[in-house]
Structures are given as C-alpha cells and as structure tokens.
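We just call them A, B and C in the order they show up, numbering each chain from 1.
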Amino acid sequence: MKARETIVPLFAALLLAAGPLFLTNYQQDLVVKVMVLSVFALSLELLVGMTGLVSLGHAAFFGIGAYVTVLASPEYDPGSVAVLLPLAMAAAAAYALVVGALTLRTRGVYFIMVTLAFAQMAYFVFHDTKVGGGSDGIFLNIRPTLGNWLDLASRVHMFYAALVALVATYGFLALVRRSRFGHALAGIRVNEQRMRAAGFRTFGYKLAAFTLAGALAGLAGFLMAANDAAVNPELLSWHESGAVLLMIILGGLGHLRGAVLGAAAFTLLKDALSNHGIVGAAADHWQLTLGVTIIVFVALLPQGLIGLPARLARARS
Amino acid sequence: MDFATFLVQCLNAVQYGLLLFLLASGLTLIFGIMGVINLAHGSFYMIGAYMAFVLAPYFAGQFLLMLLVGVVLSAIFGYVLEWAFFSYLYQREHLQQVLMTWALILVFEEVRSLAVGNDVHGVSVPAWLSGSVPLGELMTYPVYRLFASAACIVIALAMYWVVNRTRLGMMIRAGASNRDMVRGLGIDIRHLYRVVFAGGVALAALAGMIAAPMSSVYPGMGGSVLIICFVVVVIGGIGSITGALVASLLVGFVDTFGKVFFAEYSGIGIYLLMAVILVWRPEGLLSARRA
Amino acid sequence: MTLLSARSLTRRFGGLTAVGDVSLDLAVGEIHAVIGTNGAGKSTLVNMLSGEIASSAGQVLLDGADVTPWSQPRRARAGIGRTYQRTTIFPSFTVLENCRLAAQAAHERPLSIWERASGCRVTVPIAQRALEAVGLSSSAQRAAGTLSHGAQRQLEIAMCLATEPRVLLLDEPLAGMGAEESERMLALLLALKEGHAVLLVEHDMDAVFRVADRITVMVDGGVIASDTPARIRDDAQVRVAYLGEGHA
C-alpha cells in the first residue's frame, strides 16, 4: 500500500511533465484545468478527508484568491507572480481565519450550513458591490510573470506552473499527513472528544487546518485567474463549493490520490456529458444526467473511485 | 424616514419574515426529526412557484382553491419522495446526504427545465386581492402582501396547534429533541417521518405559491432562498419552530431595513447577523437540544 | 495526601438534578470507588471532574487549586486523566499509535511537519511505557480495532496513562469483561494505585470490595454513604438501597 501511494503519483507527475510534448493545445488546456482543480480539491481534502470538517463553502477561498489576483494586477502591465501569489493566498487565508474562528465552535450540520452561508456572503460582496465587477466579473488584461523566467501568458509556462503547484501541494499535504500535526487532525476526525480528554486544544488544530485549506484554495484561485485571465462571482457560488466536495468524494475520501482522481473524473465527466458529439441531445440537459449519475454513484460506491478495485474484486468472488 | 415609509418597511419585513418562516419551519423539522440535511428544500419552493404559474389558468378566480390543491399535490409528492428517496438517507453520513440532495437539486432543475422551460414568469395577483390600502396620507400598501402575511400567520397558528395540541405534535416534539428515544419507544417512526417530510414539502411549496404573485418565478429562486433558510435555522436553532419564527422575523427585518439603509451591501447584512449570533450562541437562539 | 476534591458538586438538567451536592476526595495511593444504581449520577460526576461538562454549582479542586472553570484539555494537561465506559480507542490506528497520539497532547510541537509522527523520540517511549504497564506491548503494531474486547479496555487505560496523569478517573473499566480478563484488570488497578489518585466507577461489587480503599455510594444523584469497604458493607442504608439484604 505504501508503494502505491508513492509510485503512482510519482509516475503520474512524470507523465504530466512530458505533457506538452504530446498533447494538443485543447488537451493541454483541459489538463491545466484539471491540475488547477486538483489543487482546489486537495485543499478541501485536508479539511474533509483529514480533519473531518465538512465545509460547503470552500469555493469562497478559491474565488477570493482569484479575485485578489486580478484586482491587485496592474491594469496594463503584467503583475509579478512573486507579489500576486502570496497576496492571493494570504487574502484567502485571512478570510478562512475569520470564518473558521466564527464557525468552528459549531457542530455537525450547523457547521455545514454556516460555511455555506459565509461563502454566500463573500459571493454577494463580489456580485453586488463595486469591489468586483458585478455579475459579469472582471478581466485580467495581462497575465502575471515572474521576472524573465516565467510568463503565464505562454501555454507551456502555465502548464508547468500548474504542475509545479500541484506537485508541491500534494507533497506538502503528504508530509502533513504523516506529521504530528496530521496525526492530531486524524485523531480529531475520528473522535474529537477523546482528543480533548487527552489534553489537545482541538479548536486551535481545526482552525489551523481550516486556514491552511483556505490558503491552498487561494493558490488554486490564483492559478485559475492566471489561466482564464478572467474572474466572475460564480467562482464563489455554492455550485462551485458543491462541485469540489463532489470531486473528493468521487475520487475517494481520505486519500490524496482521490482528490486528484476526483478532479479529473469530474472535469472529464462534465465535459463529456455536455458534449453533443458524445451524448447527443442529452447534452443540453447535462445537469440532469450529472445529478442522476451522482446519486447512483454515491449509492453504489460510497468509497469513491479509489474503492472501485476492491468493489469489483468483491463482486467477482 | 417618515412614519408611513417606516410602517411600509415594517410590513414588508414582517411579510418576508413570515414567508421565510414557512420555509424554515419545514427545514428545521425535517432536520430536527429525521436528521437529514436537505439541500433540495429550496427546490420545493421553486416547484411551488412554478406550480402556481402552471395551475393559475385553470383556477382563475379560485385562488384559495388553487392553493389548497397545490398543498395537497405537494404533500403527496413529498410523501412519495420520502418513501422513494429520502428514507435511504437517514442512515448515511451528513456528507453523503449533502451530496445526494445536492444532486437532487440538479435533477429538479433539469426536470423543471424540460417541463416548463427556463423562462422567467409572472403570476398575476387574483382580482379580489389586488389593489392597495391607504396608509396615512401619501402611502398605500398592496392588499396581496397583507394577504400573504395573514395567510402565513394562519398557517403558523395551525402549526402551533398541531405541534402543541395533538398526538402527532407530541411525537414531533419528542422526535425533535431526542430522535433515538422516539424510536426506542416503538412509535411507528417510518410513518411519522413520511408525514413530517410531506408537511415540510407542502409548507415550502405553499410558500412558493404565495410568493409567486409578488416576486417573479425564475429558475434560480430555489438556490437563493435555500441559503437564507439555512441562516434562519442556524440563528433560530435546529428543531425549534419557535426559534425559526423568531429568526425568520429577525432576518426579515435585517434584510428589509438593510436594503433601505445600505443598498449595495445589504446582501451581507443577514450573514453579519448570523456571525454575531454565532459568537454569542453557537447552538442557535432557541435550540431544541439542550446540553 | 488529597490530590483531587469535589466540593458540593451539583449538576442540573432542566428540572432534573442528576448530581446533587456531592463531595469526595481522591488521595494518591488510594482507590476510591463510586458505586450506585443506574442513573445515580456516577457518569455525570466523572464528566464534571474531568471537565467534559460544566457543573451547575460546586467546585473541583486539584492540589488545592480551584480548577472548576478550566476546560477539559487544560485539566487533562494538568494531570486529570479519564477512561470511558464505552471504549473510545481509535480502531484504525495501531495500538502503539493510540497511545503515542494521546501522549502527544502534552508534547505539542505542531509546527514541525518534516518529521514523521511515528518516529517521534519523545512520545514513542512514553507510549511504549504505557503499553508495558497494562501488558499490551506484544500487540503494539496491531490495528486497535482487531483487539479483543478485554484488550481494548486495557488499551483504553493505556491511552490514559500515556498522558502521564496524576489522577485516574476510570469509568467502568471492567465493563463487558469475562472472569480471566477481569482478574488481570484488577491486578492492573492495584498496580496503578502507586503514584496515582484513582477514582473507580464500577458495577461489579466483588471487584469493588477487593480493590477499593474507600467507597462512596450514590443514589439518585446524592451520596448516602462514604467510608471504608468494611463499614459500607455493614451500613444498613446501603444494604437496603443498593446491595440488597442478604449480601455477605
């Protein structure tokens, strides 16, 4: 099991690194999208899979990271990655700190509801006020660069930037997972009361996880903004929060690989279901197909795609 | 602000709050008793509104009858839905419930899209409820809004009676504060759940039907009202109908007067209210569950 | 030497008084048993002493200091450890990890993410000592969920010991155990007396009379007797209320 945890991701990373050599432009764009969403999904995995905190408002931090990237960029010059990236992550982390401090004292279903509500609050700020560009969003005139080495306007540069971010996030979370902090989070997930009885100040741990997850979502937001060169309020919508939650469940909760797998599966599924060439007339009502698919999926495969081999093996025996 | 305007805003706040109460009470009961978080609750509101749009031509001049028919239809729908879908969710974790009901929203949206399309519609106010009453010298207030508030009050009183004076209500109250105990007492829990769920759906659909002539009937109306519903339930406390009432009115006032004084930023007013309440009382103002 | 004291502890739930005006002392080197029928308030008392629930009135004193307003984690780090009636081990972690994690609470260094938790040089030895004290060293690498019920109860105590407490609040450690396992547990309890102040909530009367140095009897939230085992056995009130006439 240990080998699968390191070899498969390593192999995948190497394969991806060779991507621009054999993928078409369209495919590269799709893969970049999947990689960015994977970072987003991994950030939620930290919250849900590792700490057991089910948040339905995670898109807020994603959207804040994206908006800050665009808002802080100069109008007619490329912004610097060295400034924009930390700024985006810090802004997302700051909101996460505030929301976490207010919501982490609530339990169970309350927590789910209040995270949704606070995300909606952020959504309204960008949708209704002059801060964002209203419901149309705002455009980024020139994508960020990093000195002379990195220009995110270049498709290849964007690809590798996303890949590096994904590998770094994955590696970081893998380290967290096996660290003392990560073990404490796991204990909190299984039985928070027991952890408190042992002497852990669980609120602090949960807040740290929440803020960290927010920061990583901000990273994904930065990449999304740089890639699309545009942001709109829907990035903070509950649709987006629901989608990322779905991704990690689709892939398999409790595994870092699951988050990436789920992001890929969801993106490809959505792409396929809305493609006339593949499903014909049903493409116009892809939400219905998606909805039914999710229901059937969650009912039959509660462990997600990661649990598929085991499930098939059991069915065969 | 002069007194007449203030009165108008107060009436608006109460009317909005009462409508929210219909929705929130259904949601809080369903969660309090069955332990299911139902993201699709907003969809029932949307279904109610579209139902009003579809049924209106057949019930011209018989608005109250249409409401009654709508309530019965949605109760039946809720009963069947509980049996076919929701009863499987009770044993599942919150996470799976969230996902399944979120997927249900997608299904409802698309079915509605296939059935009646995605256009924005209006429902006309019935003739006997149209017009306005004078308030003071310069202002008037729409009769229909007064009707909406009155209807909600009647329903609220009916709910109070059912919950506090009937056997069914006794089981509901018991279930809201201790679900396992009710099961342990051997009460036919499945039937109770089905009835409660049907009631919740009917309340939400009724709210949608009543709201239809006031606001327009549009695709996204389920989603936006759902989140506000959640805010109400969090503020009021899960499982508490009284809490839902207090919280709904509170939200109604904050939202209405927020729009008057803070225009642009009014959308975030109710969330700030929620934040304040959370700091002070994480369990909600009047939670049915005690420590 | 009294380590932990309850002074007029009371807990009300709405109209019900679960625990009313209960006082007792725990001294190092002593096992103080609390017995009573179901619903007598024993678990609520333990919850108040450990800080899991707040008291409606009364005080909890640790080493003379008033710790009543302290949260549970704070009390745990100050040396008040507890076990639960229903086993609360982490089934998917190894036996050793269960103890190591418990030990980590007092040795937090959450910012170091580079090191593997399982290789921690501070908490692993503490965990190993705890396992040795209860006799589970040979099962260290097994998944905790695969242990027998009796072994899980032992692990429950080991987890408590791993936090290096001075006070042990043990809530029915013998629950669900067979004769042989109970014998081992009793031997363990006697060994634990040394260096700890032990509160033992139990239903098994034979066990209680064998190991307890003091017994407090609770009925309907209040204390009806608190004395040495010999005097409790002869106490008429206790016999009527709890032991039943004819108990030897």
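In the analysis below, contacts are C-beta pairs under 8 Å (C-beta built on N, C-alpha and C of every residue); 3 or more make two chains touch, one makes a residue touch a chain.
Bear in mind that the values here come from a model prediction, so they are computed numbers and not experimental data.
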Between chain B and chain C, which partner chains are common? A
If I rank A-B and A-C by number of C-beta contact pairs, which comes first? A-B
Relative to chain B, the most remote chain by C-alpha centroid is chain C
Per-chain Cα centre nearest the global Cα centre, belonging to chain: A
Chain B to chain C, mean C-alpha position gap in Å, rounds to 48
Using mean CA coordinates as chain centres, what's the gap between chain A and chain B in Å? 32
CA centre of chain A versus CA centre of chain C: separation in Å? 43
Of all residues in chain B, those that touch chain A in their complex: 31, 37, 39, 88, 94-96, 98-100, 102-107, 109-111, 113-114, 223, 227, 230-231, 233-234, 238, 264-268, 271-272, 274-275, 278-279, 282-284
List of chain C residues in touch with chain A within their complex: 50, 52, 71-74, 76-77, 81-82, 84, 88, 90, 92-93, 97, 101-102, 104-106, 108-118, 120, 123, 159, 162-163
Which residues of chain A touch chain C in the complex? 175-176, 178-184, 186-187, 190-191, 193-202, 205, 208
If you look only at chain A, which of its residues touch chain B in the complex? 48, 54, 56, 102-103, 105-106, 108-110, 112-114, 116-118, 120-121, 124-125, 127-130, 238, 242, 245-246, 249, 253, 285, 287-288, 290-292, 294-295, 298-299, 302
